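By written order: A, B and C. Residues from 1 in each chain.
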Amino acid sequence: MLRYKLPPWLLLLLPAIVVLLAVVMLPLLLSLYSSFTSYRLTRPDSITNWIGLYNYEKALTDAKFWAAFGRTVLLLTVALNLEMLLGLGLALLVSKVTHGQRALRTMMMFPMMFSPVLVGFQFKFIFNDNVGLVNNALQSLGITQTAIPWLVDGNLAMFSIIFAEVWTSTSVFAILILAGLYAIPKDPLEAAKVDGCTSWQTFRHITLPFVMPFIYIAMAIRSLDVARAYDIVQIMTNGGPARRTELLWTLIGRTGYVDAKMGYANAMGYTSIFLAIFFTVYFFRKLTTARTELGMGG
Amino acid sequence: MDSNLSHRLKARALKLAHLATLFVAMSIICLPGLWIVLNSFRPTVEIMAKPPVWIPNELNLDHYRSMFGGIGEGGVPVLTYFMNSLVISVTSTVIALLVGMAGGYAFARYKFKGKAALFVGLMVTRAVPGVALSLPLFIVYARIGIIDTHFGMILTYVAMNVPFTVWLIDGFFRQVPKELAEAAEIDGCTRWQAFWRVEFPVAKAGIASAGIFAFLTSWNEYALASQLTRSVTSKTMPVGLLDFTSEFTLNWGGMCALAVLMIIPALVLTFLVQKHLIAGLTFGGVKG
Amino acid sequence: MAEVHLEKVVKKYGSFQVVHGIDLEIAHNEFVVFVGPSGCGKSTTLRMIAGLESISGGNIRIGDRVVNDLPPRSRNISMVFQNYALYPHMTVRENLGFSLKIANKPQAEIEAAVNEAAEILSLTPLMDRRPAELSGGQRQRVAMGRAIVRHPDVFLFDEPLSNLDAKLRNQMRVEIKKLHAKIKTTIIYVTHDQVEAMTLADRIVIMRNGHIEQQGTPLDVFTNPVNTFVATFIGSPPMNLIDGTVEAGHVVFSDGSRLPVPPRYAASEGQKVQFGVRADNIMPIGHALPPEEHMAELDMTVSLSEPLGTETILFGEISGTEVQAKMFNPRPVVPGERMRFQVTLDKCHLFDAESGHNLRV
C-alpha cells in the first residue's frame, strides 16, 4: 500500500485529475501565457515576446470580434431555447403515444448520433442551392422558380445553421425530458385532474415543475458541448459568406491556423472559454435549485 | 348527455392532431439521414440532375466501390481512416472508462470537502471549446513530438471523455445500494473484492453505456482531430470526410457513402444502450 | 348532495375484461367501502367514478348527471390517493388551496376554506412546510385536507392508509370516521383491509374478479356470508372451512369426527359440503362463552397456541384442514394436548363444496 496515506477518494480521483491537468489545464495555462505574447506559428521564437494585454485590447476593440461574439451568444440563445421548446413538445408527443413508443424513442435519438461534421455536410447538401433537397422540393412543388441561396445569403445561412444545430440537439432535450416525464409519479397528475385542472393547467402546475430539473440537466449537458456547433458552421459556411456567419470559434480557428496569429487567437479563445464556463456553472446551479425544490436532494 | 358527446368528439380531434404532429416531427428527424443513405447509392449524374430525379432510376454500389478502391483517382484511403478511428476511439474509451470508474466511485461513495466544487471543476474542463483547446494543444504536441500520432489523439480523447464518464458512472454507482458492498465485506471480501465481485457487476450495464457514449464522442469528434492530425497515419473519419471536398467541387455521393460507414457503428451501439444512457444521465443529475 | 349510480359498468383493456357489469346505488351521505383482494377491480371501479379511467360500457351517474365521458374536473369529486399525491413543489398551504386557485376563486375565499380545512385536520402549524418535510401521517392529513377544501359532491379514497404503519393506521381510521361525521358527504372508500372496511363502512361491497360478491352492512356480511369467499375474506382470523359429507343430519369429516348440520340449514344426503365455523364459535369446554341454544362437542388435538392476553388462539386439525379456535380465560397449553371443544351451531355455516354457495334456507 501507499506509504504516504492519501485519502482513498483522492487516490481514486488522481488519474482523472492528472489527465485533465496534463491535457487541459497545462495547455490552457500555456495559451494564457501566449495570449500575452505576439506568438505566431510561423515564428516560434516570438513566444517570448511579451506584449502584455495588447492582444486583449485588440480583441476588445475589434468590431469583427464583437460581431462574432454577439452572433455566438445569439446563436446559443436562439438554438438552446428552440431546442428546449421543441424537445419538450416532442417528448410530450411521444409520451402520449400508446403503441410503438420504443421505436419512436430510438428514432428520436438518431440525430444525436450523427457526428457534427456529418450534420454539417448533410445540411450543406440539403440546403445546397443547386442540388439540395430543399430547393429541389420547393421547385418541384412550384413554390419557387429560382434557386434560393440558403447558404450564401447571410440571414438564410444563419437560419440554415440554426436549423442544422437544432436538428441534431433537440433530441438531447427530448430524450431527457421524456425520461423526466416517465419519472413523474402518476398520483399528483391524477390528483390535479381531480382537483379540477384542465390539461393545460395540469401541465403548467404539475408536469412542468417536475420536468424542470431534467430540462436543466439537458441544458447542462448541452452547455458542455455547445462548441460542437463549430464543426457544423465550419463545414456549412466556414464563417462565410463574407463573415456573416462568423462565430467566436470559427474566428479563433481562422486567426490561429490560417493567419497563424496564435497569441491573438488564444486571447480570443479565453473569452470563449469563459463564455462556456459561465453557461455550464449557471445551469449546474439551476439544476441544484430545481431539485431541492422538488425535494429530490436526498 | 350533450356535454358528454362534445367531450368525446374533442378527445377524438385531439388524438388526430396529435398523430399528425408526431408524424411531421418524426419525418423531419428521419428524412435528412435517409436522404444521405439514398444518395450514397445513386450515381453522381442523378444526384446532380436538373430538374431533380425523385424516383431513383438506378441504385448501385459505385460510391462504396470507389471509396474502398485505393488511393488516386479521387479515392480516399477510407479503410485506413476507419482503422485510425477505430484504434483511437476504442483505446481512449477503455482508458477513459477505467479512469472514470475510479473517479465516479470516489464521487459516489466518499464524502469529502469541496466535493461539489471539484465535480463542477471536472465538468468545466469538458466545456472548454475544442477550437480554443486545439491551439495550445497543437503547440504542446508539436513541441514534444506527438502531433499526428495515435498516442496524441488517444490522450486527448481520454481527457475529453473523463468528465463525462465520471458523471455517468457516479450516477450508476449511486444506484447500487451501499449495503451490498457492506454485506460483501461482512461475508469476507476485501474492499477491492467487494467492488469487483458485487458493485461492479451490478453497475456493469450502466458502465458499458458510459463507455459507448465515450466511444461515440471520440468517433464523431472533429474540431481537435482536424488540427492534431495531419496525415493518413492518424486522420480519423470525420476529418477524412473533408477529403471529398476540393476547392470548388464536392463529391456528394462519395461523401454520403463515407457518412453511412461512419453512422452505422454509432447507430448499432446506440440501440444497445439507449435505455441505460438515459437512466444514467438523469439519475446522476437528479439525485445529485 | 349527490347519490352515485353505477349501471352495468364494464371495464375492458383490449379484450381483457376487469370489471364485469357492476350495478350499485350509493345514497347521499353514505359511507361505502369497496373491499377485495388485489386485482378484484375495486380500484378500477373507483377510478372510473373519478373519471381517471374511461368506462367501456354502462353508465355512471353522479347526482342526476350522467358523467361517462366527463373529465374529472367536471364531476365535482375529490380523491385521496394511496401515495398521498401531494405536489412536492408546493407548501402545505399551496397544496390545500390548489384546486380553488385553479377554479379562480377569490383569494379571501381560498384562504378561508384552507384555514377551515387546516383547522379540522389540525394542520395549522404545518402550513408553510413542503411535503418532503412531513411525516407519513401528516402527509395523509394534508391529502385529506386537500380533498375537503372543495366541498365536493363525492369523496373518493383509494387505499389511503396502506402506506402507514399499524398504529398510525388505527389513528387515521378514527380520524376518517370523525371527518365523515363532520362533513356529511358521500364517501366511496377502497381498501383490501377487511378491518378498515368493517370499522368504517355504512355498507361494505365485497368484490372479486370484477364482480360484486356481496354487499351489506358490516354486521350483515360478517354474520351472513353468501359464499365461502366472503366467509373467509371478512373476519379475523378467517372462518374455518372443513370439508365433509352430509350423512343422516350430520356433517361427517374424513377423520371420522362429526358435527350436526346447523339449524336453518338444509343439505341432501351424501352432499359434499364445507362446514364453516369461526374461531369465536369453537372453544375448549371450560374456557368458552356461555352456551347458546344449539351446541355440539368435538375432540381436537392442539398443535400450537398463540397467547394474545385476554384470549389464546389454538391451532388444531380436523381431517387435514387447519382449524383455529379461541380460548377465553386462557391457561397454558402443551402442544399435542387433546382437548374437548364446544361448537356454537347457531353461528355455523354450511357451504356447497362445489359452488361455494351458502346453503342456508
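Everything below uses one rule, namely that a residue touches a chain if its C-beta (ideal position, glycine included) is under 8 Å from a C-beta of that chain, and two chains touch if they have at least 3 such contacts.
Just so we're clear, the structure is a prediction, and the values are computed from it rather than from any experiment.
With every chain reduced to the mean of its CA atoms, the largest distance from subunit A is reached by C.
Top-ranked chain pair, ordered by C-beta pairs in contact, is A-B.
Our note on geometry: subunit A versus subunit C, Cα centroid distance of 57 Å, whole angstroms. The distance from the centre of subunit A to the centre of subunit B, with each centre set as the mean of the Cα atoms, comes to 15 Å.
With touch defined as above, residues shared between interfaces to two or more other chains in subunit C number as follows: 71.
Shared interface positions of subunit A, defined as residues touching 2 or more other chains, are absent. Subunit B has no residue in contact with two or more other chains.
Of all residues in subunit A, only 185, 187-188, 190-198, 201, 205-206, 209-210, 293-295 touch subunit C in the complex they form. Considering their complex, residues 18, 21-22, 25-26, 28-33, 35-36, 39, 47-48, 50-52, 54, 98-100, 102-103, 105-107, 109-110, 112, 118, 120, 122-137, 139-140, 155-156, 158-159, 162-164, 166, 216, 219-223, 227, 237-238, 241-242, 250, 252, 255-256, 259, 262-263, 266-267, 270-271, 274, 278-279, 281-282, 285-288 of subunit B touch subunit A.
Residue ranges on subunit B touching subunit C, taken from their complex, read 1, 3-5, 7-8, 11. Residue ranges on subunit C touching subunit B, taken from their complex, read 66-71, 74.
The residues of subunit C lying in touch with subunit A in their complex are 50-52, 71-73, 77-79, 81-89, 98-99, 102-103, 130-132, 146, 150, 156.
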